[in-house]
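Read from first to last, the chains carry the letters A, B, C, D, E and F; within each, the first residue is number 1.
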Amino acid sequence: MTDFNQPISGNDLARFSGPNTFMRLPQATSLDGLDVAILGVPMDIGTSWRSGTRFGPKQIRAESAMIRPYNMTSGAAPFDSLNIGDIGDLAINTFSLSDSLRIIQESYSAILSSGVTPVAMGGDHSITLPILRAIAEKYGPVALVHVDAHADVNDDMFGERETHGTVFRRAYEEGLIVADKTYQIGLRGTGYGADDFKEAQRWGFQHFPASELWNRSLHGMGAEIRRDIGNRPVYVSYDIDSLDPAYAPGTGTPEIGGLTTPQALELIRALRGLNIVGCDMVEVSPPYDTSGNTALTAANLLYELLCVLPGVTTK
Amino acid sequence: MTDFNQPISGNDLARFSGPNTFMRLPQATSLDGLDVAILGVPMDIGTSWRSGTRFGPKQIRAESAMIRPYNMTSGAAPFDSLNIGDIGDLAINTFSLSDSLRIIQESYSAILSSGVTPVAMGGDHSITLPILRAIAEKYGPVALVHVDAHADVNDDMFGERETHGTVFRRAYEEGLIVADKTYQIGLRGTGYGADDFKEAQRWGFQHFPASELWNRSLHGMGAEIRRDIGNRPVYVSYDIDSLDPAYAPGTGTPEIGGLTTPQALELIRALRGLNIVGCDMVEVSPPYDTSGNTALTAANLLYELLCVLPGVTTK
Amino acid sequence: MTDFNQPISGNDLARFSGPNTFMRLPQATSLDGLDVAILGVPMDIGTSWRSGTRFGPKQIRAESAMIRPYNMTSGAAPFDSLNIGDIGDLAINTFSLSDSLRIIQESYSAILSSGVTPVAMGGDHSITLPILRAIAEKYGPVALVHVDAHADVNDDMFGERETHGTVFRRAYEEGLIVADKTYQIGLRGTGYGADDFKEAQRWGFQHFPASELWNRSLHGMGAEIRRDIGNRPVYVSYDIDSLDPAYAPGTGTPEIGGLTTPQALELIRALRGLNIVGCDMVEVSPPYDTSGNTALTAANLLYELLCVLPGVTTK
Amino acid sequence: MTDFNQPISGNDLARFSGPNTFMRLPQATSLDGLDVAILGVPMDIGTSWRSGTRFGPKQIRAESAMIRPYNMTSGAAPFDSLNIGDIGDLAINTFSLSDSLRIIQESYSAILSSGVTPVAMGGDHSITLPILRAIAEKYGPVALVHVDAHADVNDDMFGERETHGTVFRRAYEEGLIVADKTYQIGLRGTGYGADDFKEAQRWGFQHFPASELWNRSLHGMGAEIRRDIGNRPVYVSYDIDSLDPAYAPGTGTPEIGGLTTPQALELIRALRGLNIVGCDMVEVSPPYDTSGNTALTAANLLYELLCVLPGVTTK
Amino acid sequence: MTDFNQPISGNDLARFSGPNTFMRLPQATSLDGLDVAILGVPMDIGTSWRSGTRFGPKQIRAESAMIRPYNMTSGAAPFDSLNIGDIGDLAINTFSLSDSLRIIQESYSAILSSGVTPVAMGGDHSITLPILRAIAEKYGPVALVHVDAHADVNDDMFGERETHGTVFRRAYEEGLIVADKTYQIGLRGTGYGADDFKEAQRWGFQHFPASELWNRSLHGMGAEIRRDIGNRPVYVSYDIDSLDPAYAPGTGTPEIGGLTTPQALELIRALRGLNIVGCDMVEVSPPYDTSGNTALTAANLLYELLCVLPGVTTK
Amino acid sequence: MTDFNQPISGNDLARFSGPNTFMRLPQATSLDGLDVAILGVPMDIGTSWRSGTRFGPKQIRAESAMIRPYNMTSGAAPFDSLNIGDIGDLAINTFSLSDSLRIIQESYSAILSSGVTPVAMGGDHSITLPILRAIAEKYGPVALVHVDAHADVNDDMFGERETHGTVFRRAYEEGLIVADKTYQIGLRGTGYGADDFKEAQRWGFQHFPASELWNRSLHGMGAEIRRDIGNRPVYVSYDIDSLDPAYAPGTGTPEIGGLTTPQALELIRALRGLNIVGCDMVEVSPPYDTSGNTALTAANLLYELLCVLPGVTTK
């Protein structure tokens, strides 16, 4: 256990010091020996309103220096249980969305082939399509827990079929996900057609609109989803705009009436026990929250996701 | 139905493009054929603490480009039901509050005489007094749904009787509103006298202090108000500072312990069925929220108000 | 009663005018005749992550100009009941944490010896240790209501035993507080050991983790604490980071999943009747919230604390 | 000499502490014994584009805490030479520009009648008209050094004849200033008519457009103006927008291609020896420069103006 | 002359009101009758460091409301001389750089074929390549005045040959510009090879590094360039990052040691008399200057470019 | 030569990606083989006004990703000439200034004993005293080029003798520097005594006040200093507040009327040929410039310092 990577302690090196890795973990130079690889996918060319998510990984890492290794609520001790490293950023092509998606898919195939669980920091949500392609290549269609203000099931945008708004229609069409084990949580806002959401429901997607979750604990809903998924491999895609803009102002397409951070914590903690094979945290846009607090929130939620990965023990 | 004005779709023209009208509706050059006129009243000289609301209409319009035409929660389709246009800004006199109030009243009389429902983007709350004068001239005393941290029933401020803090005392004194059909929702904070609020209650105003609404759905309260008003003509005046500063930091006189955006959505949606003859959204101060999110919130709430106007159908 | 200091009214002098004292009270030049002394302790050299709290007192005072003298919810009339003055800032040594702590303790001893109740605006939380030393010197061990995201019970940080993260372990060790009348409210986040919190619980500290308070009114919990304390002298130490970063973004070590301002108001109002012998509001860091709203929140909570001081009557 | 008011030293009390008076001078409670009265005129209702100058005095005072008493360049020692106090803010009527102008004039008449030299912190530039009325009442028409991007000689704006853009036409018409001893320095930008500036030149105003000053020391020009004015009483009105927006971003109507702070310092220092009977620093708008640096610049220029007041000795 | 479009006067409608068109000109709905078409090309997917330029046109238009029609320095009266309209934004494809470049070229071909002079607001600099393609299609190779911190002559970036850093190599290779009538002004910073700039010089490009321009008027250099170009058609491409970050902080790839706004004004004014067939202002990134001043600067420089278009008379 | 560390190219990995090291150099894990060690000293507890410099190293590194390896003006190729690595941050004690100074001195002694040239990113200016102690221990008294708005020669502040304002008096007293080879460049502002600066001049310090440098190239002055120093070992201490706040707003004690970035570049480039044995860049305070441009400026000036280190060749 002592061989596992450990975050630098804030009592050993002042938090504002040290490497800009996630939680100041060692910068991994290879995948060897890792159980979990945290990586950045710095990109914003797939977004339709405000940009800036290209700086997401850098700021999430900076703010993650606040986080200590033990989860005082759940008792989870991820760094005692798994060998977790920050493997840096993917070398996307910032001038071409399609080429970047290709690079992401290839990079993920390589990571997955070495048996490491990938945990991505976006970047806009368009990164999740190539990730799911690589995931499905390994695992077949997976269950999907998708937390987002938006269903991201447009058919196309300006004729483009691969953007941050079309991810999950493509994933459905390509058979990357199990439709009736797909949970979209936090949906709200306005649409282009009165039945924007209904088609996805017909595919089998299970919708949990934000308005049905207001003022409620998400513990029960999370537990229900966990039971429904069972032992299937599951991917968790977390769009920070699922949170209300009060909690996460620094994002590209904010929608009012969203989830709270207590709800986010309840939801993730309820996922403990799932066979999570990968996850991501997307759409943090630093220029729109110079306090860093949106990135801090994303860092904490990523940490909570680490705490529910398979194999993490509690103390 | 196809003749009605439609917002430009974000799939036709990138959201950060196009005219800076509300939801990128066509800029209306006359009132002819309109059912609803959205207009700006850019003013901040009636405010007592932070200024900046003069830029409210411009930023609300900018942020409204995020909104799509269909309400996914209620099914409302306002642009299929009514012909709605953005008629631009009133030409107020930024050096004289009293002259500006005169201009607003005259402009409203003209709008109302043509049978168009006016929907205003403030500007500070002082704009609502001349609006109510014109409204009452047409409809007689109206019911009033007033959502605000403040009752705005001061007698005077520095000897001035027409400011953003005196609106509803004047409206009461002048018989512009039906006192016992006046609902003040979200009140809180501190006062200059221990019974600041009690006098208004004696007039008949119905008070819904924020502290009695915490952690509650406003659906029921909204429904009760709707029943209580019945078929009377009703005006809705929405001060963005009714929201907690966490949800709406960009305002001039923020008060802690306020409403949430879910509550705001529940309240407005519950007003469906009322005979709304006009409404406003006031006190958005862009310099105090450079992220634009307060204006985005105001834009969404204005959209929700459009969704409950008489004649709007659902799908 | 008319001899007591009164805040300048916003109807007499525009709120953005006048002295930068708390609520625009008279600047007190001596302690004579005061019941309560509000003072600043502008310091940030005891903080471990973001600095900036040295400007806390200045900005809290600036934003307090929004507050009017009467509490419309509880009816409290603090300025009719007590003579309250702003006595300015302590002359800390900004280059030495240890020397500053010595200065604070000596200053507090002087204030307490004259029978005045001190109400401090921080500054980082390290100010509370010397305050408690002076308090205990006068009153013996006191009960403690400590509202904070953090327990602040580290043994040391970089070998230092007096920082913003070690305050309450020192207070316990030095017998400044009654361990089983110490209430830590709002705790959450991550820790350096799985039982970071358990040791303090073994001392007797009563913990109220934020996760157990989500979506709950704090009225009942506050009442219970009040009964449990009884007539003992009690000190209230209020770390603004107890609030969720959505409500208080301008602080040095924000933790997600925190309290709301309604909960803060409920909690403080429930403390009415306690024998409060001093209180503080710490960790407001202005550079991280240029809107001023975090300071506004702190100012309002300080005002609410004034409203529950012994001797304050209601109207 | 030791009886004169002295700023609190940054070595005695940390700069971020103490009263929010100009340079932390004592708050004067009367004019007795003062040679110079520094005062705030917090107002923005006379401005035509961005507002926010109502917070100018508060932020200029806050930033002035950086300034030490001796001028290392010129050797001036204003606080050894004159008794200077901060007398607080005028109680303007924030809802009425015309009433505020009346209040300013009356307040100035009172100050001037007691033989004290007034030094004002604005507020928008409309404050200078009532100031000049009071000045001229005492001294007759005065020479005027007016540093500004704008000539402020409009006839009216929206029909209003007393705004921040009409000040010096009114001053000319009313005979408050000596036309051919009026120096307008830093003019630039665009106009409503091709000869906007020419009419004022025909009255005798001497224009120093910014474009003729670029890359030049203003020492010579300042000396020339000083000689031209001779012993006449002179008023100095300093609009911070005379500076380039790079040097003073926080202002309401910025114009590119402006003066630099070295030029501002050269200019003011060259005015030494003039019979200055009053001066102002206007148009600092805090919301548009949250770093505080525009206010810091204004505070320093005000300090430099103090250094060239009649009677100030050098060391 | 009175038939030409005129900006709305700030004395008729408060500047913070009215349409968000350039200088509040009428929104043109067709090219008919226009001499000059101002248009937005809102895009940031061609940029390599900070994004955000997609909001450039919107903010440049907002800030342009400060500008009045007459140039007080040069006497130019563009709106008396030419019929100028704002034709809105091009409908780029925000998910595909290559497709967007195609759309820009086609749109420009249409504009040029109707005889209108196009004036573009970017958007990142990659927009200039398709513009030059359309320009050259009509006029053959043109002279080029290119003001920029960067030469933008990379061969490729991540294998992409059409980005904001490769524009002028492509333009040279494709014969869109006359190499020895290409003037690159303001170059500075660091490079990937010691002779990054030399190859372009060998093609004939004339380089004016910023370091040779420091502290100098650009009047003479501008005049020399004007004489050197003679009557040839010339395109002016203005990258706001040519200015020092002190003058234009809100841009994507700032380089220190740049030009000043006085130099920018001198340069543009010296171009009067050239046969300008189009121009652009690119790389304004609003999220990085929330004061709006970078956009204000861009708006003013665009106005100055209008003032030197062929056919503009002076008064 | 190919064995030397090279920055990651912006054409290989998008600039917003990769490690947060200076210029994305490899993170050095030992001093072996290095000629130059870049290191962070993240600290702000020695500062007297605004804090925040503890985040200086992190933001300087982030912004340095913009810089490419070759100096296009001077032709310098530092990474072809020297092996340069980023060795991370010193583990200062953020709760104790005196302990931190001890740690810095010891760390420097270790670095110097291994023959590596240290290049520090501050932190506040108090870091330079222990650095000079270590430097003098190795080299004896050194010449000093000190660029700063302030002379930093106070005797004490609040009784403390080691702060950011006392550095160079201590260095003089302790014989760490050669007094008449000490050059203080950019001095300005106000002082606590009329002869604050004169005492240092009597020691031999050579003063170059900013006011004597306005509008001048610093090339000549730099060359003169270079000749005057000759072959002596020299330390360069660069306080970012030497720049005017227009150029470097993000600093703790800004003073108007400062240097420009062109002057900074001229000065540093003129130092080529000196026997520089170490240098630092201090006082960058990220919270006061969220655009990152002050840090970008600091990063560029650090790069220029690398370019004039002994042994750097040009191409």
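Keep this in mind: a contact is a pair of C-beta atoms (placed from the backbone, for glycine too) under 8 Å apart; a residue touches a chain by one contact, two chains touch by 3 or more.
This is a predicted model, so every value here is computed, not measured.
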item	value
Copies chain D and chain B - interface residue numbers shared by over half, same or different	same
Far-end chain from chain F, centres as C-alpha averages	B
Chain whose average C-alpha position is farthest from chain C's own	E
Inter-centroid spacing, chain F versus chain C (mean Cα positions, whole Å)	40
Length of the line joining the C-alpha centres of chain C and chain E, rounded to whole Å	55
Residues of chain D engaged with two or more neighbouring chains	14, 16, 48, 50, 54-55, 94, 157-158, 215, 244, 246, 288
Touch relationships between chains, expressed as pairs	A-B, A-C, A-E, A-F, B-C, B-D, B-E, C-D, C-F, D-E, D-F, E-F
Residues on chain A engaged by chain B in the complex (per definition of touch)	48-50, 154, 156-158, 187-197, 209-211, 214-215, 244-246, 249-250, 253-258, 288-289
Of all residues in chain F, those that touch chain E in their complex	9-11, 14-16, 65-73, 75, 77, 215-217, 244, 246-247, 260-262, 264-266, 291-293, 296-297, 300-301, 303, 315
Residues on chain D engaged by chain C in the complex (per definition of touch)	12-14, 16-20, 27, 40, 42, 54-55, 57-58, 61-62, 88-92, 94, 290
Residue ranges of chain C in contact with chain F within the complex	44-48, 50-52, 54-55, 93-99, 157-160, 162-163, 287-288
